[in-house]
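Sharing a structure here in structure tokens format.
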Amino acid sequence: MNLDWSIVWQSRGPLFQGALVTILLTALTMLIAVPGGIVLALMRGTRFKPVALFATGFVELFRNLPLLLLVYWAFYVMPVLTGLGLPPFATGLAALCLNVSAYNSETFRSGINSIRKGQSEAGLALGMSRSEVLRQIVLPQAWRRVLPILASTWVSLFKDTSLVSVIAVGELAHTAMQIRSQSFRVLEMLTAMALIYWLMGYPQAKIVDWIHWKYGVQE
Amino acid sequence: MDLDVSPLIDSWRFLASGLGLTILLSVAAVVCSFVLGLAVSLGRMYGPPWLRVLLAFYIDSMRAIPVFVVLVWIYFAVPIISGYSFDPFWAALTGITIHVAAYVAEVIRAGITSIRKGQTQAGLAIGMSGAQVVRKILLPQATVRMLPAFGSIVSVTIKDTAIAAVIAVPELMRQAETVAGQSYRPIEVFTTVMVIYFLVIFPVTRLIDRYYIRVAHLGRS
Amino acid sequence: MTAFARKNADRPPMLVYENVQKRYGTFMAVDGVSLHVNAGEVVCLIGPSGSGKSTLLRCTNALETIDGGEIRFEGRPLPKKESNIRQIRQRMGMVFQSFELFPHKTALENVTMGLTTVKKMAVEEAKTRAIALLTKVGLADKTANYPANLSGGQQQRVAIARALAMEPHVMLFDEPTSALDPETVGEVLNVMRNLAQEGMTMIVVTHEMNFARRVANWVVVFERGQLLEQGPPQQIFEAPTVERTRDFLSHLGWNG
């Protein structure tokens, strides 16, 4: 077993770029999937049956499928559906957004439902409209419960970006695997890949812990 | 868009064997990760300080590293270190178990610590030992409380088995890729496989939810 | 039973319940209740738990919708459209058993919430009115406190001030003291009694028999969704005409 760890230092440029793409994917997905989740949650709660049903179906579908499958499916289906030749990054981003929006909608739905009914009734009793009650009473209280869960979702998403490597998106996992194939330095590159993910992910996990501690619900 | 599902019909046995392996891998991974997770959580809560630190480090590391990375490391890197060549199935089982067990451990720990101290005190007051209190009073209640979280862990585990495709485990995802590649009919193949996965995962999570609603009262003290 | 002239009976009643029905599935929570409330009256609804008193109260400001009969407020039936209901709710104040103060707002902000959001009042004017009301309920020094830093009795008094801020024509109290420690029950009942003496129309669902005896102008006894008996407090508490009223009161340890 002869190891040559210098390959890691030599590839630091591409690896760093890969890490940036990972972060970019994570941030962009959340940017789209948070409003997406809110929209879906509101659609599920509406009294208009067809809309509520569609939203529920959408959420249940994308929560109960492997992300890897979604990535492949998006890769082959999206060009046909949209007629455009989309770059892998966009396809991967789309698959991630569909998946995370569905999870976020559940987060928002349970956050909103966790506020005691009496609170909305107190607002309605004063003559407030339903949307005023939502905006001024329910949402300001619900975001405290939603934030820790969104933070956990962020970290899961950060890890899930590794899956879009299979359609050749240049994030960290793909970059590391490529260098491994080209240099035959398997152990070194795979260990480096694990280590870089760990270096990025461990602090994020600790921040999530802090957010849970700070915004934990006291009834 | 012309659809042709004949490749699916021709390869149905191939895909079915993939589904069988998916189910086998899922069940095995769930069982193993629950056993390991239970051991880890007990060590975290009741073990000596050095063990607690070590296990906390392990759990937090699994929160940082994707399961994809763990799988490829075990399959490609371990043989180089140990000279032992892994069968893809066992590599996948090991990797998924190690990753999921960390979450199981956290859920169990949260479940047990959520039970009021008074329950432990009541058990000790009638002369039970610490271990008996854990076994007879805490774990049963905690198990009920943790059912929804366990349900989502089972769901995640089944989805993780699909990632085993990248280390050539011939489960459903891998078989689907092969058929899609050979038949040039990726849309039909992947859409069908999506339906199959949904039909496997959705009922499992629903069942666990239903069961929880029925027994939830047993966990409320 | 001697003829009893109800307060302000010469004017049209403020609230009329006509054969009101409310069901949950197959269960009739309110089963054909008819009664009326005159302006300035304090009407207490008493009866065993689950007898429909709270349900009727919540139907009054349309937090629940009735399945049969009619409720008329100031001569007109309760509207069906959400936007019209909101107008009605502004003229009714409700106080809840669990206070339901908004935990993310101070006492002052809880009271101004309705004024600024619903009545679109200017903030300064709303604050002035809120301070006056909080002073009236005895909490002038607690305006900046969050509900978490107020006792149960203090929270309920803030809730009363919040409802009063909207200048309602009638105040609806849903077991306002049931969730309070015995020591703090008195401070809330005092506020309610003062309100009654100022002539506010009040409908109070309560288990506080002493309060009902002393402050109510009219008492209505519920059982299983129906009216058992109604009359002035002297009748209900000293000489009830219906046997089961006597039973209910004696179960509460009421000896007159």
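Every chain is named by a letter (A, B and C) in the order it is written, and numbering of its residues begins at 1.
The rule is simple: contacts are C-beta pairs under 8 Å (C-beta built on N, C-alpha and C of every residue); 3 or more make two chains touch, one makes a residue touch a chain.
Computed from a prediction, not measured in an experiment: that's the story for all the values here.
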**Study point:** Chain pair whose interface holds the most contacting C-beta pairs
**Key:** A-B
Study note, to complete from the structure: Ranking chains by how close their C-alpha centroid sits to the total C-alpha centroid puts first chain A
Exercise for review: Could you please state the distance in Å, as a whole number, between where the Cα atoms of subunit A are centred and where those of subunit C are centred?
Suggested key: 48
Practice item. Measure off the straight-line distance from the CA centroid of subunit A to the CA centroid of subunit B, and report it in whole Å. Key: 20
Check your understanding: With chain centres defined as C-alpha means, what is the inter-centre distance between subunit B and subunit C in Å?
Key -> 54
**Study point:** subunit A residues touching subunit C - in the complex, by the definition given at the top
**Key:** 116, 118-119, 121-130, 132, 136-137, 140-141
Study note, to complete from the structure: The answer for subunit B against subunit A in the complex is residues 1, 60-61, 63-70, 72-73, 76-77, 80-81, 155, 158-163, 165-166, 173, 176-177, 180, 186-187, 190-191, 193-194, 197-198, 201-202, 205
Practice item. Would you tell me which residues of subunit C are touching subunit A in their complex? Key: 61, 63, 82-83, 86-87, 89-90, 92-94, 96, 98, 100-104, 113-114, 117-118, 159, 162-163, 166
Revision key, fill the gap. Touching subunit B in the complex, subunit A uses residues 1, 60-61, 63-70, 72-73, 76-77, 80, 155, 159-163, 165-166, 173, 177, 180, 186-187, 190-191, 193-194, 197-198, 200-202, 204-206
